[in-house]
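For reference, the structure I am asking about is given below.
Letters A, B, C and D mark the chains in the order given here, with residues in each chain numbered from 1 onward.
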Amino acid sequence: MSAEAVPVSGAAYSPNAARQIPGDGLTEPLRLAVIVGGARDGTSGPVVAEWFASRARKRADLDVDVLDLAQAWLPDQPHDRAAVPGAVRDLGHWLAAADAFVLVTPEYNHSFPGAMKTAIDWFCDEWQAKPVGFVAYGGSACGLRAVDQLRLVFADLHAVTLADTVGFPDVDNCALHEGHHEAAEALLDRLTWWGEALRVARARQPYDMPCPAKGDPDEH
Amino acid sequence: MSAEAVPVSGAAYSPNAARQIPGDGLTEPLRLAVIVGGARDGTSGPVVAEWFASRARKRADLDVDVLDLAQAWLPDQPHDRAAVPGAVRDLGHWLAAADAFVLVTPEYNHSFPGAMKTAIDWFCDEWQAKPVGFVAYGGSACGLRAVDQLRLVFADLHAVTLADTVGFPDVDNCALHEGHHEAAEALLDRLTWWGEALRVARARQPYDMPCPAKGDPDEH
Amino acid sequence: MSAEAVPVSGAAYSPNAARQIPGDGLTEPLRLAVIVGGARDGTSGPVVAEWFASRARKRADLDVDVLDLAQAWLPDQPHDRAAVPGAVRDLGHWLAAADAFVLVTPEYNHSFPGAMKTAIDWFCDEWQAKPVGFVAYGGSACGLRAVDQLRLVFADLHAVTLADTVGFPDVDNCALHEGHHEAAEALLDRLTWWGEALRVARARQPYDMPCPAKGDPDEH
Amino acid sequence: MSAEAVPVSGAAYSPNAARQIPGDGLTEPLRLAVIVGGARDGTSGPVVAEWFASRARKRADLDVDVLDLAQAWLPDQPHDRAAVPGAVRDLGHWLAAADAFVLVTPEYNHSFPGAMKTAIDWFCDEWQAKPVGFVAYGGSACGLRAVDQLRLVFADLHAVTLADTVGFPDVDNCALHEGHHEAAEALLDRLTWWGEALRVARARQPYDMPCPAKGDPDEH
């Protein structure tokens, strides 16, 4: 897996390609998926994600993918898991391969965007027994209220959310200062601890929480 | 305004029709909008909404609309308010005319569906200084964890959410029993108190919280 | 009721005095109770409360009490309402007389202090159908995560919590700047709107949500 | 460590005794601390805790302590960590020795009791990088709203809260049925997975999140 940003849609992201990606072995770098929050009209999310990912890529113990939900075109119908669309299956391979997640989320009206929730709801075991960190922006609380609601969502999905966060009050007017760099490093340190702890534990004993079966509509 | 269920899309729901609807006077029945949560693949939401609306329609002090978000086809792009699509403007007229809301929401993974959040985010002053009640279903907590997250969203939008709720653990297998009927009546009693209190107050002094201007893309 | 800070315990605060306090009439100024959060070892809470109260007292439409929970000495046993201690009854008179509340709360570990929750739990109809605003401090989110948890508590108590808040990241090192003054004025404006709306509504039709009876241990 | 219930106060619980307790080795059974929520006037908490602990004690891979906060007499002043009272230090030894926690909590007004929050706030590294499960009771949501607020508190404390919970709508009138037994077993299975995963990880690399120093008032 190279360190370049990964296009979520298109040929570079086919299931076959995903299956060939290394990274499952315990001596490999941890696979970190940075997920950009899903609003299709803004530019802040990708900018923030790229800033964070560029720091993560400097670490030898992490292998970084950037997954932009705005380019994943997930259908807005999260619960008919018997017939999973191709767009969902494509993204799922990348999530399944990850050992740790960072969600880059704006805050709209005290919470996350609907598109992010739709994306989360399409998946199940892809999240289990893995750590989730947050880089948030917007609102008077630096996006942290969106983070709080996501914490409860991921608790239900058997993931662990990290206390350390990076929050920006206002991305447009905010020059990145040293405090944010330090917060990003603290988050990466913590992600590595939890990511490694849980990768070891999943290899020793698979996490036994059943998810609904995923059907393939093409096979029907 | 008749008591029939209101189709959200189509000619019966044009802006002009909405503008002619009575119900703004203080001696009129309160306008109650029952909003169905937005998942496009299920049938539970409309069934639960119709059950609740049928009880509400028995009251002389309420005038009931049912707005099904699955039929509103709102675009998944909530924050470019400078160019508001027609589907959003159509729904907005009905929300603006309402004195009180009841949201019928499932719970997915500890929270509301993404489509419901997208719908909420498209609007602003339509929600302000009005009461919001909940009829929820799903999960071990009868949908009440989705309700909790919505409470914080609506707090940010200057609405008041009611303590009384109606919650179903599992709609499919659940015969409606007397407890749910009583809970529905309690919720309607409370909605009426708050709806009347705030209608009087808004008439006396408009609620002064500015929202972003809504542009009309057709005028560009 | 004078505009001075009110000692919570002692003779100045007897039930009889409270009963004679004007302010229940609809033409009277609204009674605003500023409640200081309950940690006994710090000084930030009273300082923040006095700063906020001094601004509130400049308004002719508000009559301001400051109630410091650290001086109320409420017992840590909130649910034997059949025998209500004198300290609780004393505080209850002041809360019952209030038309609106502002809670001054620190944030400890993402939430409110235990002592504040104990105080809230001692009361019931004292909170109903009244607005609650927040002045918060502490933590990376300026105390707003403590506020979020309190929003859900007060929703259960049939109160309405206001979107507008005042938040300080770090009281000790924080010179009060103009942004906080503006936030305080916005909160007071909003409190007045909701306080007046709900005072009128309660006078028109009492809020009909029964609370447990309060026994008087002295009468046993 | 025997499997008997542990008196929280008194001689049986001295720091020296705690230090001699085995259980830190990786081949030892996991130490599970069942913490009873802190209301001093009720009996439901201890009854529920004992029911849960009796199931946990049947497992060879767990060593169970029951810690009743009502008997710990923690002072209501959680943040002067420079002078930690003896009651806090005593309890801290038991918490530090635990690999996993189950909190038995009632729900009062949508949240946890104040006394439980006070107890949590007295500690810091005792909670870090350990799993926390919940057995909750009360309210229309079976105590799960108290659990949700505790999830955010423990996220801040670098603990992981488990999705699986046991919830009772009404302890007094509720005969324990098979569903609760199954939920308890599921929670214990999950606690074991997380407890073992994190015990291994902490032994491999200590969790590096500094806490405030604890002073000893006796040494001053």
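Just so we're on the same page, a residue touches a chain if its C-beta (ideal position, glycine included) is under 8 Å from a C-beta of that chain, and two chains touch if they have at least 3 such contacts.
Listed by chain with UniProt protein names: A, B, C, D = NAD(P)H-dependent oxidoreductase.
Every value quoted in this text rests on a predicted model; they were computed, and no experiment measured them.
S.K.: Compare the contact pairs of B-C with those of each option in A-B, A-C or A-D, and report the one where over half match by residue number.
M.R.: A-D
S.K.: Would you kindly say which chain has the C-alpha centre located farthest from the C-alpha centre of chain B?
M.R.: Taking each chain's C-alpha mean as its centre, the farthest from chain B is D.
S.K.: I'd like to verify one number: the distance from the centre of chain C to the centre of chain D, where each centre is the average of its C-alpha atoms, in whole angstrom.
M.R.: 32
S.K.: So what's the Cα centroid distance for chain B and chain D, whole Å?
M.R.: For chain B versus chain D, the centre distance works out to 41 Å.
S.K.: Among the residues of chain D, which ones contact at least 2 other chains?
M.R.: Only 145, 148, 152, 155-157 qualify.
S.K.: Show which residues of chain B lie in contact with chain C when the two form their complex.
M.R.: 129, 148, 151-152, 155-158, 160-163, 189-190, 193, 196-198, 200-201, 204-205, 207-209
S.K.: Please give the residue numbers of chain B that touch chain D in the complex, ascending.
M.R.: Chain B residues touching chain D: 140-142, 144-145, 148, 165, 167.
S.K.: Would you pull the chain B residues touching chain A in the complex into a rising list?
M.R.: Residues 39-42, 76-80, 108-121, 145, 149, 152-153, 155-157.
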